[in-house]
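The two complexes that follow have chain A in common; it is paired with chain B in the first and with chain C in the second.
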Partner chain A sequence: MTFDLSFLGTALLAAANKIPTTLALALIPLVLGTVIGLPLALVRFYRVPVLGQGIQGAVTLIKGIPVVLMLFVFYVISGKAFDPFMQFLGLPFTFRDFPKSIIAIAALTIYASAALSEAFRGALAAVNPSQFDTGAAAGLTQAQTLGRIVLPQALPVSLPMVSNITTALIKAAAMASLVSVVDVMNAAVISANGNYRYLEAYAAAALIYWGLCFSLEKAFSVGEKVLTRRMRSVA
Partner chain B sequence: MLMRLDWDTVVYFFPKLLVKLPVTISIVLVATVFGLLLGFVLALAQLERVFVLRQVSKIAVSFLRGTPIIVQMFLIFFGLPLLLKAIGLDIDDLDKIWFIYLTYSINAAAFFSEILRSSIGAVPRAQWDAAEGSGLTRAQTYRRIVLPQSVAVALPATGMTITSLLQDTSLAFMLGIVDVVGQVKALGSITGRLLEGYIVAAFFFVLLSVLLERIFHKAEKKVTFRKKAT
Partner chain C sequence: MSHDAILEVRGLHKSFGKKPVLTGIDLAVEPGETVALLGPSGSGKTTLLRCLNFLECADAGTLRIENQSVDLRQAHKKEILALRRRTAMVFQNYDLFLNKTVLQNVTEGLIVARKAPKEEAIVTAKQVLEQVGLADRLDARPHELSGGQQQRVGIARALAINPAVLLFDEPTSALDPEKVQEILDLIRAVADTGMTLIIVTHEMAFAYEVAHRVVFMEGGEIVEQGTPQQVFGAPKQERTAQFLARFTEGKTPEYFI
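Entry: the complex of A and B
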């Protein structure tokens, strides 16, 4: 058995069809994680008593649990809870109808929120503390100082970390295939189920993930340059 | 059927997963040691601008960082026997754990090489010149001057890489390895209970992560203290 280049092409096409699914599995958690992670970072940054420590504990816990385990736990829970819930509602749906991608998005969102909150907290800490005093002296409220002075400076600092988290999410999204979501990886594997050419299938998946991560990394580094330059020109 | 957590099952799983902890830890240890060695080679190829090897190292690091470890695992699992058969080596009977050791070592090497590259780059140019002026060879400069200084810079990122390596071992069960997660799968099919197993497994992973974080936090303190003292 040798490496079949023409089948690599077939597998590439099959997998490329599912790029939107993989992007959705990674980018929806990225957006939701930003919305959730930023307030969490602020609470920790301002050292809000009790709540701050609580969030810190939760972040440590979440970052200690492998994403696959979180995925499996959600899968088992939703598998057991969905049917009784639907019966209770009197709806004719079973777990088979339940879109499993929701499970993956939920697990990845939790992971992204924890990781992004750490990234934003680090970026906030990197802003010179005198900026807060300057804002206050200029008569801005604390919220205004944060929104107009501090966050615009923290954003470019956080971008390299956000870029890392984004590619980590793309790669972690491949685990969604373990709960039978048909993403890039699963589509490639399915294309090989007839002829057992799994090596070509995984090579095809690898090429697509590589392309995705590479382009996203480039996009982030361009974005970082633009933002930093704009900050400089303002200053 | 009403769902509830069965605490007796949690207690049942606890010792059964505990005995599989060495498998998980062995993957982390092997990948850390060989990943650091290979990572240093990859970093050197780029730092010393070795002809061709530099480009090879760059592409390899980009590939390993840009593709999921599950994909890398299966590429090695399906590809390596084929590659070795071409040179007349048959590894069909090889224990699957070796594929795991290889995958995780290579994967970790890519992340370590980036850390080593930037931490070695952070050592001031003047240190190199001073060492050369004192008559040290390039190898001596690395060993006595540059590497000891870059350790302090590399330590936090190294800790994070080892922690994510630990998380990644949770995918080894895909090749049928009976580590902590593989044991949950195996016992789950006997007892019909998976949730409790996953929860106990998650507990062990959190415990190990926190432990790792503590160790690296202590190590960092020690290294920076020594730097101040000199």
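Entry: the complex of A and C
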């Protein structure tokens, strides 16, 4: 068996074309997960009775399930429910028309919300509790203290975790190919369907995933350095 | 009791869990007065200051600052915020806003809490920072400052809001010994402007020289109070005498005559 370098190039091009799709599959859940995960983290940080424990239970549950399993469950449910729902609405769509990337984004968003809520909770706990007192003593409301003093200090602390979660999302997004979304992974595979040079195709996909993760990690570490330099704690 | 007091607290009780920490504090502070709060560690001094600006919620008692009074057992959020904005606190560990510059540390309470116009707040902030000798460090971050400089910012931040009562909790305890005197001198200068101060301190010479009144606390209650001459020179209570003796052992301070 030979390794066809020129086909590696072809596969790279085909896969690289779908980088925007893979980025969307990972970054939309990252943003939605932040919007959902931050309030969850706050509820747990402030130990809101009942709600706090409920969220903790849900997070533990989600962390113990493979994301791909959630994807399949969503796929099956939406496959069963979509057509009757469209009929009910009187719309001429079937499950074939349904963008499957939405299913992947939903599954990844659930995973991201759980993971990010943990990251934010940890970062909040890392802020010196006296910063809350300081804000209150200056006459700030609880919300003002949180938004202007505590969260800006928690953010840089959370960045290494957020960076890990982001690269995990990029890699997990590859499973969208299982529900026929054409992302980097799937584009590489498709490019080899004619000549069966799957090894080259997989190598191309690997190179692109590696490049994406590497660049994102670098970007996060630069961001973290800039932010922490401005507010190193005075231990 | 005292009508012209600027701050008056009556029957203040506070427990942490089952542990009583303050057991009926009565204290009235006159405008322009400097009150030194002395007492052994664990006697409840910090908790008292924190109850006065609601960083802790007292279990019982009444508090009046200027013309606003409140039953501490059932204070509402709005009342708490309004009363709290009449005081300012200088902390033992400076506790500056770590994500803000020196100037922002001072303007934050003015712009955000008191809705002062930004330009006006900056003018005020620069003025007080000048007063504490930090006019050239406006854009520095807390971690770039020495302890003494951080505490100057802490004091400037408190002065800027021109509070009815300024609370100090051991403002020099965390400082290097050679920095203590300059901060004490600064606080004395503040006291000389006629601002009302309550200051928890272990600096006995400072309390003796600067305070108009010394209040000695132990075990969650006020044991004795009076002028520095009375309390240091002729303590009425045995507990006061014992506490002061520990500080004056081996010294023959001229101010104890």
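The criterion applied here is as follows: the second predicted complex is superposed on the first by the 231 of 235 C-alpha atoms of A that agree within 3 Å, B and C clash if a C-alpha of one lies under 4 Å from a C-alpha of the other, contacts with A are read in each partner's own complex, and residues count from 1 in each chain.
Simple rule for what comes next: a contact is a pair of C-beta atoms (placed from the backbone, for glycine too) under 8 Å apart; a residue touches a chain by one contact, two chains touch by 3 or more.
Quick caveat: nothing in here was measured; it's all calculated off a predicted structure.
K.L.:
Look at where chain B and chain C land on chain A after superposing the complexes, then choose clash or fit.
P.N.:
When both complexes are placed onto chain A, chain B and chain C end up side by side without any clash.
K.L.:
More residues of chain A are touched by which chain, chain B or chain C?
P.N.:
B
K.L.:
Quick check for you: in the superposed arrangement, does A:R230 touch first (chain B), second (chain C), both or neither?
P.N.:
second
K.L.:
So in the superposed three-chain picture, is A:M185 touching just chain B, just chain C, both, or none of them (first/second/both/neither)?
P.N.:
So A:M185 only meets chain B here.
K.L.:
Would you sort A:I55 into first (chain B), second (chain C), both or neither based on which partner it touches?
P.N.:
neither
K.L.:
Have a look at where A:R148 lands relative to chain B and chain C in the superposition and call it first, second, both or neither.
P.N.:
After superposing on A, A:R148 lies in contact with chain C but is clear of chain B.
K.L.:
Counting only touches as set out at the top, which of chain B and chain C does A:A176 meet: first, second, both, neither?
P.N.:
Touch partners of A:A176: none, neither chain B nor chain C.
K.L.:
After the superposition, just quote the angle formed at chain A by chain B and chain C, using C-alpha centres and rounding to the nearest 10°.
P.N.:
100
K.L.:
Is A:V76 touching the first partner chain B, the second partner chain C, both, or neither of them?
P.N.:
A:V76 contacts chain B only, not chain C.
K.L.:
Tell me the contact category for A:Q131 with respect to chain B and chain C: first, second, both or neither.
P.N.:
In the superposition, A:Q131 touches chain C alone.
K.L.:
Quick check on the superposed model: minimum Cα to Cα separation from chain B to chain C, whole Å please.
P.N.:
For chain B and chain C in the superposition, the minimum C-alpha gap reads 25 Å.
K.L.:
Both chain B and chain C contact which residues of chain A?
P.N.:
On chain A, the chain B and chain C contacts do not overlap at all.
K.L.:
Taking the complex as given, what residues does chain A use to touch chain C?
P.N.:
Spelled out, the residues of chain A in touch with chain C are 128, 130-131, 133-141, 144, 148-149, 152-153, 230-234.
K.L.:
Mind listing the chain B positions that touch chain A in their complex?
P.N.:
Checking each residue of chain B against chain A gives 1-3, 62-63, 65-72, 74-75, 78-79, 82, 163, 167-168, 170-171, 181, 194-195, 198-199, 201-202, 205-210, 213.
K.L.:
Mind pulling up the chain C residues that touch chain A in the complex?
P.N.:
50, 53-55, 81, 84-85, 87-89, 91, 93-100, 108-109, 112-114, 141-143, 150, 157, 161
K.L.:
Using the touch rule from the top, collect the residues of chain A that touch chain B in their complex.
P.N.:
Its residues touching chain B are 1-3, 60-61, 63-70, 72-73, 76-77, 80-81, 84, 167, 171-172, 174-175, 185, 198-199, 202-203, 205-206, 209-210, 212-214, 217.
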